[in-house]
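Paired with subunit B in one complex and with subunit C in the other, subunit A is shared by the two complexes that follow.
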Partner chain A sequence: MKMQEKNISENNFEQCIKCTVCTVYCPVVPVNPLYPGPKQAGPDGERLRLKKGLFFDNTLKYCLNCKRCEVACPSGVRIADIIQSARIKYTTEPPKLRDMILASTDFMGSVTTKVAPVANFALGLKPTKAVMDAVLKVDKHRTFPKYASKTFESWYKKNVKAFQESFNHHVSFFHGCYVNYNYPQLGKDLISVMNALGYGVHLLEKEKCCGTALISNCMIDQAKKNAVNNLESIRKSVYERQMPVIGTSSSCNFTIRDEYPHLLGIDNSDVRDYIELATRFIYRLVEEKKVKMVFKKDYKAKIAYHTPCHMERLGWGIFSTEILRMIPGVELTVLDSNCCGIAGTYGFKKENYEVSQAIGKPLFDQIARLKPDFVACDCETCKWQIEMSTEKEVKNPISILAEALDLIATSEANK
Partner chain B sequence: MRFDTVIIGGGLSGLVCGIRLQKSGKNCAIISAGQSAMHFSSGTFDLLGRMPDGSVVENPLEAIDRLDAGHPYSIIGKEKVARYATEAPDFLAGCGITVKGDAQSNSWRITPTGERKPAWLTLGDFTPLTSKNEKIGTKALIVNILGYLDFNTKFLADSFEKQGTVCRIASIRLEEMERLRKNPSEMRSTNIARVMDRDNIWEKAASQVKEMIKDEDVVVLPAVFGLKNAETVETMRKAIGIKTVFVATMPPSVPGIRTQMTLKAEFERAGGRFFIGDSVIEADFNEDNTVKSVATYNFGDIRVYADDFVLATGSFFSKGLIATPEKIYEPVFGIDLNYEEKRDGWFDRNFWNRQNYISFGAKVSEKLNTYVDGRPVENLYAIGSLLGGSNTLYEGCGGGVAIISALAAADEILHK
Partner chain C sequence: MGTGVRDNEFDVIIVGGGITGAGTARDCALRGLKVLLIERHDLATGATGRNHGLLHSGARYAVTDRESAEECIKENMILRKIARHCVEETEGLFLTLPEDDLAYQAKFVESCQAAGINAEIIDPKEALRMEPSANPDIIGAVKVPDGAVDPFRLTSANVIDAKLHGAKVMVYSEVTSLIKEGDTIKGVETFNHITKQKEKYYAPVTVNAGGIWGQHIAELAGAKINMFPAKGALLIFGHRVNNVVLNRCRKPANADILVPGDTICLIGTTSSRVPFEEVDNMYVTPDEVDVLLQEGEKLAPSLASTRILRAYAGVRPLVATDDDPSGRNISRGIVLLDHETRDGIKGFISITGGKLMTYRLMAEWATDLVCRKLNSSETCVTMHTPLPGSEKENIDEISQKTWSKPGATHKATVGRHGARAVSIGLNDEYDASLVCECEEVSVGEVRYAVNELDVHNLVDLRRRTRVGMGTCQGELCACRAAGMLADAHKCTDRAKNDLKSFVNERWKGMYPICWGDTLRESEYSQWIYSGVCGLESEGCETDKAE
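And now, the complex of A and B:
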């Protein structure tokens, strides 16, 4: 009897009752027959792998790590974690050069921003795309996100760092690689919004890539190094400077909060509650009446909100949509919960391109039917995928807030 | 975050309650930890198929008088049960779900293994039988999709032949399905349904079936059509041209999942908020023993407040009830339960016998209010299979208890 109670395995593995509900919600299964499906790849396969690692099957790489199986599971089994842990533990194929390039967002970003105009020009050329397609197996249909000529961090230090101390309240910002190297404007929007709400925004002492792409490409040593580094900086922010950490990317947030302990085995329990998305942070401030938001009188937009898979897993879509609903003049539709198909670096790989587009089709079709002015979404890779596959622009809720707020009046209201 | 009513559990009972409240002007949230038992639906809702003494029920409404005082139907009261049971088909139709059936006279459904069991409301996909021994036709053509293992044609043929139906078993082969067959563990009902839905592949299936018909007067097919849209099933019937009987498959259940998705969409369309993949981890109480707020795993320190709370967390499978070697408890609020103290009385060692643990569950007042430490909690209701007092599996009353208690609790909240 005691044995039964203590028999708790990792990722709730033994709670699986083989009900197959996970398979119903897997976006890969209906479009890629090579993938064994979450039940087979996860708990079923794990029974065999626990006996002998040689039962590991390389087709587990087709898992998107979207976590929709976990959201659907009635028994609380962390199916995707079982699959990703098995990949980490048993995979024998070393990461390809292509995967290393795609996953090293930090390294690539820091090199490329220095030569951004040249790099953007070259990456957009058909011959470059053809060579990348043929040699590296990066699909030619993909458009690489543009690199900024100046990183967000350097812009921050030069332009706004000095006056952040002048506010009464303070937060740290985990900007992520996308804001730093590709789209500093989102970081600038966050600073405008938070400053207007009366919060000074600070950078972490040392921020490294969160590791989402490193984990999905099995570059675990690097992912662990980054995780240890990030948590050290986050601890300093939280405990030495009493500043919680906010971000604008659902995947960075999800990885730091949940993948660090579950997949990398790195404990974050002392700071996990202090890391969250900016929309959740702002929602709390508004609910507790600690801040006021004054909106522009003439702002009008028909917005369709897409819930990224990792946002679905976090269960935080409601905070972003509630923030958007607070804006007068916004007509909001929450799109049906479907994966867009990109899954970070997955969709960039030539072998996944068709699967990736097939997964996203219901979402693209719904956007086409709804004809919103633009799409709102908290994930940068979903943004690339939706912008490539539909005619609509995709904006982060924080950027929408920056557009809709009367920043001067809001600043006055929060003094 | 504040709502008028928070419902914990997003299965049949939670959704029916949420839809009724939301459509009546209450602002509701449903918090659901994973998907529900609707994914294993038989395609019918049962009201009462068998009395606790084992006798078969023909008229469920009439039989309610003979149930124990602790049965959810007895607690709600015969008059109300009759009213809600009569109202249920219209309620479901209002959500876009077509059902056939009558609370005063059970019909019969065909199980995946060819058994026949009493049924109350039958989803439009299926053909309810008027008697247990009804012959589905003189000659039946039972058609499977090649490679699909969850539809046992031989079992079905054996059972139909008992009533004198001559059966022929055949299968159709669809090029588009071959891709799925590469991986036998994924040749499952929902994946077949998804392929069938895409580019109207079901039309090909229907025309292949039609060509196979020789002198048969009935076609039997697995219920793997129309995951998103029930109309597909009707259009297939028309395309095949003769009587077509769809039979429920082994789980997952395509009509059940469609019903769940339809109810969820209806709830959201009415303005309700559905939080999937989240769990309520604790609650706090006001001084008058009413529930003040709950905390969820995903919401963390942002608590969820409401005037009323409805517990629709189901039974053991969905962790509405937890059993340890020593006790059985309800994990969110610690509400009082009715169950046998002695563990020996929980189960029968013969798996096929009636299992007592299924009848354990929440102790409630006639308004479906729960109790904590013997004191009633005026704003916390329990509905669905969390309720004690009925052996839903043995008596065949799970669907009825879910729908009727959901409507009853919603009305209690509305008429406060």
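And now, the complex of A and C:
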């Protein structure tokens, strides 16, 4: 009898044996008594919700979707997926204007970059912050990331697109909204590094926001549209141009690889293995001796690496830290595994500000004790949170690599 | 009425705390009688708590037993009104699979309609839209007004109402003999398992509502009832696979009903004759588990990969008709015996046969006879008097009215206790904290059950609140609940022994299906209770001392 050989249900919540280790690892539970915790909100609550939707508890919105519960679970239960799916399925209130603004990174970015100097000035003003705090409930302590006056994409097309074809190897770059609208320098750094390693960097035919913020604000229809669009472009890159896709943001990567199939129900199995973080891609090339990195002789830095939650879930922190360790003159400390508390748009919301800062406190304290030159991290929202809450600058490992590499010597070595 | 002067004198004594006894106690109390309800274990421990929990539309009996079918549909409509918090109006489907004869469907629908059951043939595609878990290969589907009913809740609600109307309820009191003077039963002698006292109670009428065990009660009176115990085994799955009752559209056979019940679903049943001596010791065999799975998977294919929580079996109290004591002619209908006309024994009646669905009607018939014997002209009102907690509002309305921000725990509590949940304290942080996490049972609810609902041990508590009925089967909740009982009874030794027997009782149900994640979970539970709590070693020492 074949029956019951594999008794795992679709949502796999029945594999939960109630050990409760997820609740121990949840960063929200110790600081927000209103949140029932991942076990109760996830596998336990799901049984009640399957009975009737009215058992959906609105307190599930306090979940950060950091996935730390899933990393902790010894039974492989996708706890955070269960919680987020329930929010998607049962939340009846339409998203607030504030949430729509915060989540529409693409739209806001494309509008704001056109008036960047004015917008940056205005967003930094105390009266603006006070109004946003009072009217939109965006917490006044928050500093909005600065908008660039020119998008990464337009810089790319004007300055570097033409000579990317001259390389022997090629990759596509999923730059994400942050690189495009706020910090094109990170994209430029990636191109410098990849070009030095002998790789031409190309943009996807059409890139939309990955949808991380749309999903966490339950704007699912828009998230699905973006996902379908992105996967179409990724498929073209992978199958028509034989170019794998790399990125610099751990959350964009995580969302495209895991949230698309798990939360949006969009199959990506044919391309999932071709999407990864640049640090992992480079690490493999170095390990397989396909590329050489030549570093500046005088580069010195004391770096503290913070592993973003989604990086923990991907299990990829090791690639970024190993890349940093390859740099002579780097003194690297990997910070304790803690959530920084921002969780994308979560920490920007006034009602979450205190919880957000309380979650991040152990991390901020450790950074203060260590006194590094700067912090390294693969996630842009962690960067904003750490820069706001500590005195340290936060750099993406790719930017650090761009600073530490002798780019000319590296280019020569990889010809 | 209410003629009894002394504490141990009543108008009527009802023996048996199943749904029939509870319903009869309520009906008698509502008609102004002074009632004593006696149960040797806890409420709903026998066949009442060991069935599908199906709110039959009667469709299942329509072809073979018109009378039962008609009773079922009438009672079905009544229970939807009077027992709202015990009933879930899920609808039901009768599915024809490729291996079944589609010709049976026409006969089935015709019989249903003749019995007054609204059976409607629908497109199989429509059936799959109604219930996506149903087998996609079905070639026919009929929609019927089936539903789900929680037998524990239903029994408890009847007892609450009986008590509100002056009835005395004694659980853990066993009838050891009937007090007989000449040809008249004058009362009962009992042994109270809690106080260890022998007691005597008197009433002009004693009602035997002992179900399958009623054969023994009748023997004590000197009457003979031929019971034919038929065992039925069921499997409980870890979550709701279906939200609509699924039946096979064929002649009633093994494992052809899948019922959603609270947070779980159940497949059943088997049917096999067992010797009377075995009725107190029901176990589920590997063959029964295989049959249930094989047939169950045909109704809902996902059962093949869904975790099973437990297996259990109950005994149907089937009665041989009086003119055929050999048992060839077994009745599935209601059997009301006036032992005065039947056996010449005055002051003693038996109400048996029947089913959970028809308990109210059984109680009505029995109470009518009691009233005739007591020369009372009071008439039955139970067909339109809601049970306590089943007043008009639904879960959402009650929750919104009672708490400022009702969460899952509040709503789950209202789901179990209906409108009576408003008297359960959940505002204070401690009272709102959870004892049972799988089923969202709070400290406040446990305290309410212990104080108000005749709870003496953890198994009783499970029947009143669902503590320990969830996926973990007592792993996390049992020790917390035991702690609360130790406080309530001011005795830790009693609580420890209680915890041990509760954990063993949970294990009994897990044993026949213990593989996969249920096996993992049971190993973890054992580690907690033997390894961390030291329950096993404690047991060994006590055993040695004995």
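Methods note: the second predicted complex is superposed on the first by the 408 of 415 C-alpha atoms of A that agree within 3 Å, B and C clash if a C-alpha of one lies under 4 Å from a C-alpha of the other, contacts with A are read in each partner's own complex, and residues count from 1 in each chain.
Heads up, the rule we're going with is that a contact is a pair of C-beta atoms (placed from the backbone, for glycine too) under 8 Å apart; a residue touches a chain by one contact, two chains touch by 3 or more.
Remember, it's a predicted structure, so these values are computed and weren't measured experimentally.
Residue contacts after overlaying the shared chain place A:G360 against neither subunit B nor subunit C. Of the two partner chains, subunit B and subunit C are each touched by A:C19.
In the superposition on chain A, A:F55 makes contact with subunit C only, while subunit B stays out of contact range.
By the touch criterion defined above, A:G187 reaches neither subunit B nor subunit C.
When the two structures are aligned on the shared chain, A:G344 is found in touch with neither subunit B nor subunit C.
By the touch criterion defined above, A:R284 lies against subunit B but remains apart from subunit C after alignment on the C-alpha atoms of chain A. When the two complexes are overlaid on their common chain A, residue A:G45 makes contact with subunit C while staying clear of subunit B. Once the two complexes are overlaid on the shared chain, A:I318 sits against subunit B while remaining clear of subunit C. When the two structures are aligned on the shared chain, A:G198 is found in touch with neither subunit B nor subunit C. Judged by the document's definition of touching, subunit A residues 1, 4, 17, 19-20, 36, 39-40, 44, 75 lie at the interface with subunit B and also at the interface with subunit C. Of all residues in subunit C, only 238-240, 243, 260, 262-264, 290, 293-294, 297, 302-308, 395-396, 405, 407-408, 411-412, 434, 437-438, 440, 470-472, 475-476, 515-517, 520-521, 524 touch subunit A in the complex they form. Note for the complex: subunit B touches subunit A at residues 1, 33-37, 39-40, 179-180, 182-183, 185-186, 188, 190-191, 194-195, 251-252, 257, 268, 273, 275-279, 296-302, 317-319, 324-325. By the touch criterion given at the top, residues 1, 4-5, 17, 19-21, 23-25, 29-30, 33-37, 39-40, 44, 70-76, 273, 280, 283-284, 287, 312-316, 318, 322, 334, 337 of subunit A touch subunit B in their complex.
Across the interface of their complex, subunit C is touched by residues 1-4, 6-10, 13-20, 36, 39-40, 43-48, 50-52, 54-59, 75 of subunit A.
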